[in-house]
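Notes follow once the structure below has been shown.
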Amino acid sequence: MVENASYGIEDELFIRGKVPMTKSEIRAITISKLKLTRESRVLDIGAGTGSISIECGIACDKGRIYSVERNQEGIDLINKNIEKFKLKNIEVIHGTAPEAFKNIKKIERVIIGGSGGKLESIFEWFNDNIQKESIVVANFITIENLYKAVKLFKKYKYKNIEVVQASISKSKNIGDLTMLIGNNPVFIVTGNKK
Amino acid sequence: MVENASYGIEDELFIRGKVPMTKSEIRAITISKLKLTRESRVLDIGAGTGSISIECGIACDKGRIYSVERNQEGIDLINKNIEKFKLKNIEVIHGTAPEAFKNIKKIERVIIGGSGGKLESIFEWFNDNIQKESIVVANFITIENLYKAVKLFKKYKYKNIEVVQASISKSKNIGDLTMLIGNNPVFIVTGNKK
Amino acid sequence: MVENASYGIEDELFIRGKVPMTKSEIRAITISKLKLTRESRVLDIGAGTGSISIECGIACDKGRIYSVERNQEGIDLINKNIEKFKLKNIEVIHGTAPEAFKNIKKIERVIIGGSGGKLESIFEWFNDNIQKESIVVANFITIENLYKAVKLFKKYKYKNIEVVQASISKSKNIGDLTMLIGNNPVFIVTGNKK
Amino acid sequence: MVENASYGIEDELFIRGKVPMTKSEIRAITISKLKLTRESRVLDIGAGTGSISIECGIACDKGRIYSVERNQEGIDLINKNIEKFKLKNIEVIHGTAPEAFKNIKKIERVIIGGSGGKLESIFEWFNDNIQKESIVVANFITIENLYKAVKLFKKYKYKNIEVVQASISKSKNIGDLTMLIGNNPVFIVTGNKK
């Protein structure tokens, strides 16, 4: 395994515990939608194990990442992963969206990995607080949250709203043969704040 | 559109002509499998429009990218894209694999986007020429080339051979409604040279 | 081609015009969800070319199929297909749901292929008019109609509500090679009326 | 559940044990490709639990189904399912393909659910034994068997060779939300014997 990759970190390199983690292929698509620059200021909502925050932290070496997570188990994992990857530009915030955002300023990129049912108030906060032209990328596994997100992207007049559904299958060997194992499909919704 | 993104360039930013281009989501997964470092030396075989070479060139700012393409139309597009993205670390080689590789040394990462039916001799060349532990990532859209690639990865005793199939659907608006349009599935095969 | 198949009719055997037709694989899954018996009384809403009505008509040789379609072009195609397949148990109704249903009684199976934006009033009509334990199967290509349908199935307390997403790819030959062409994914929602 | 459906039997209605069973959606597509008539004579190779044989037995009430299975556990399940569905037109054969076929004559439709690694000799047997214009439908989950099957369909000059890949996701409720769970993709290869 490549420990110092700057683009694409293997799932196995993250300290994970039992917190569900976005799989590497979905992470790669999600981050590619963010159009990060080395200076980007990023908000990662529902950061989970911090896998996306870590990859953003590496990509945005002159920027800043805010990782918000409401579960203590997640917070511990994010901190362990930050230490493992020796990153100085990630700030971990234990709290619930959008209250936890109150000291965060000048955000240009947002990932929503989990919304804790607060999608509406999160978008309201974006409206008042994140930069014009910010890129928001949200991952969903349920039909209802996907629907609500699309409505909110439209309500707040985001531009270039795009829904991508990614269905990834991965090989498993059975003897000499190569079987494909289906992952659960993930919806990736992207929009630019006006 | 973000012109200076360091990770994830929109399809529309590339100069394309009529040469088929790997779509952004497949490009993101493919590049994430390469585990690039800023110093990586990369060989892009069947570079097409150069979209993958360009993204690698940005990610590996202290490394070197060799873009091999057999069609003149592709060569012209790669050169135009290199100029557009102002990259100094990409060498374009007009020729057929594996003959075109003869002056390329110390490769650590390989992308196979097109093999021109020479998969067998390409893998033979890898065996003698690319670095130990090199990562090879190949994209296929046909069952037959997928099968042959898996056999070659095994024949040359690559480690961690993995096949990923990515089926991507993308939204299209019909009035107020959001329809999903299916892209063709792509197989992404990865392995580490022993 | 098999002209007298009792299960599985090829797309090419239907008279089609320019009306979009549910592809054979989606048709097969959809009809299999209906759990038809030879006596079933079926309502096909948004019948399009009539392809599903025709397959139901063959399967339910002692039953009755009501095909409702609002476009004249569709009506003509359904009538031509009924004639081609020599079926006596299909009644074609030109009109808009749910007004067009007023003389239809004792329905046990329903397919919703198109709702003309009237999903809410269609489910209301079901509530008062179709048999207890009726099976309703609906096909959707948009996120919004999928979401609304799931809400309506729940609102009217259907049992065994199931959403299936089917992503079908089909081969195309390029020379000696077999490429896979992705179709648009379709959502198939099923429920049993209480 | 509908116990007397003539088209589309729920997975739960089959007696299953621990033998893997083709899921209902794949079964529906597979059987639809067979273009069964009520008189069809069908060979089901690698019949497993007999789920496909049973559905064919119901559809071909004036025809005959031969279910070949090499494992005793499968044989027992097929027999139990035949009894449960009260079918008289299914003959169960315990043995290995193609030796087990020796007394089977005038086959017009074939399903290959499992080949026990004998795909080559199975196709050879077809060449000498099944009817002209027979329809052969084969299900595969591995890349290697898919590849071999496509080669054999071509070698024996089958017409209308088609590969369909079906990726099915099915809903699971998490509280009030509807998540999609991905099944493993299945390849369905169809051809008409010349």
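Letters A, B, C and D mark the chains in the order given here, with residues in each chain numbered from 1 onward.
As a working rule, contacts are C-beta pairs under 8 Å (C-beta built on N, C-alpha and C of every residue); 3 or more make two chains touch, one makes a residue touch a chain.
Predicted model only: the values in this text are computed from it and were never measured.
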Quiz item: Among the chain pairs A-C, A-B or A-D, which one reproduces the interface of B-D, with more than half of its contact pairs identical by residue number?
Solution: A-C
Quiz item: If every chain is reduced to the average of its C-alpha atoms, which one ends up farthest from chain B?
Solution: C
Practice problem: Please state whether C-D or B-C has more C-beta contact pairs across its interface. | Solution: C-D
Quiz prompt | Whole-Å gap separating chain B and chain C, where each centre is the average of the chain's CA atoms | solution = 43
Quiz item: In angstrom, rounded to a whole number, how far apart do the mean CA points of chain C and chain D lie?
Solution: 25
Quiz item: Which parts of chain A, given as residue numbers and ranges, touch two or more other chains?
Solution: 143-144, 150, 163, 165, 167, 169, 171, 178, 180, 185
Quiz prompt | Touching residues (chain side chain B, partner chain C) in the complex | solution = 141-145, 167, 169, 171, 174, 176-185
Practice problem: Could you pull out which chain C residues touch chain D in their complex? | Solution: 1-2, 4-10, 24-25, 27-29, 31-38, 59, 135, 150, 161-171, 178, 180
Quiz item: Can you name the residues of chain C that touch chain A in the complex?
Solution: 143-144, 146-147, 150, 163, 165, 167, 185
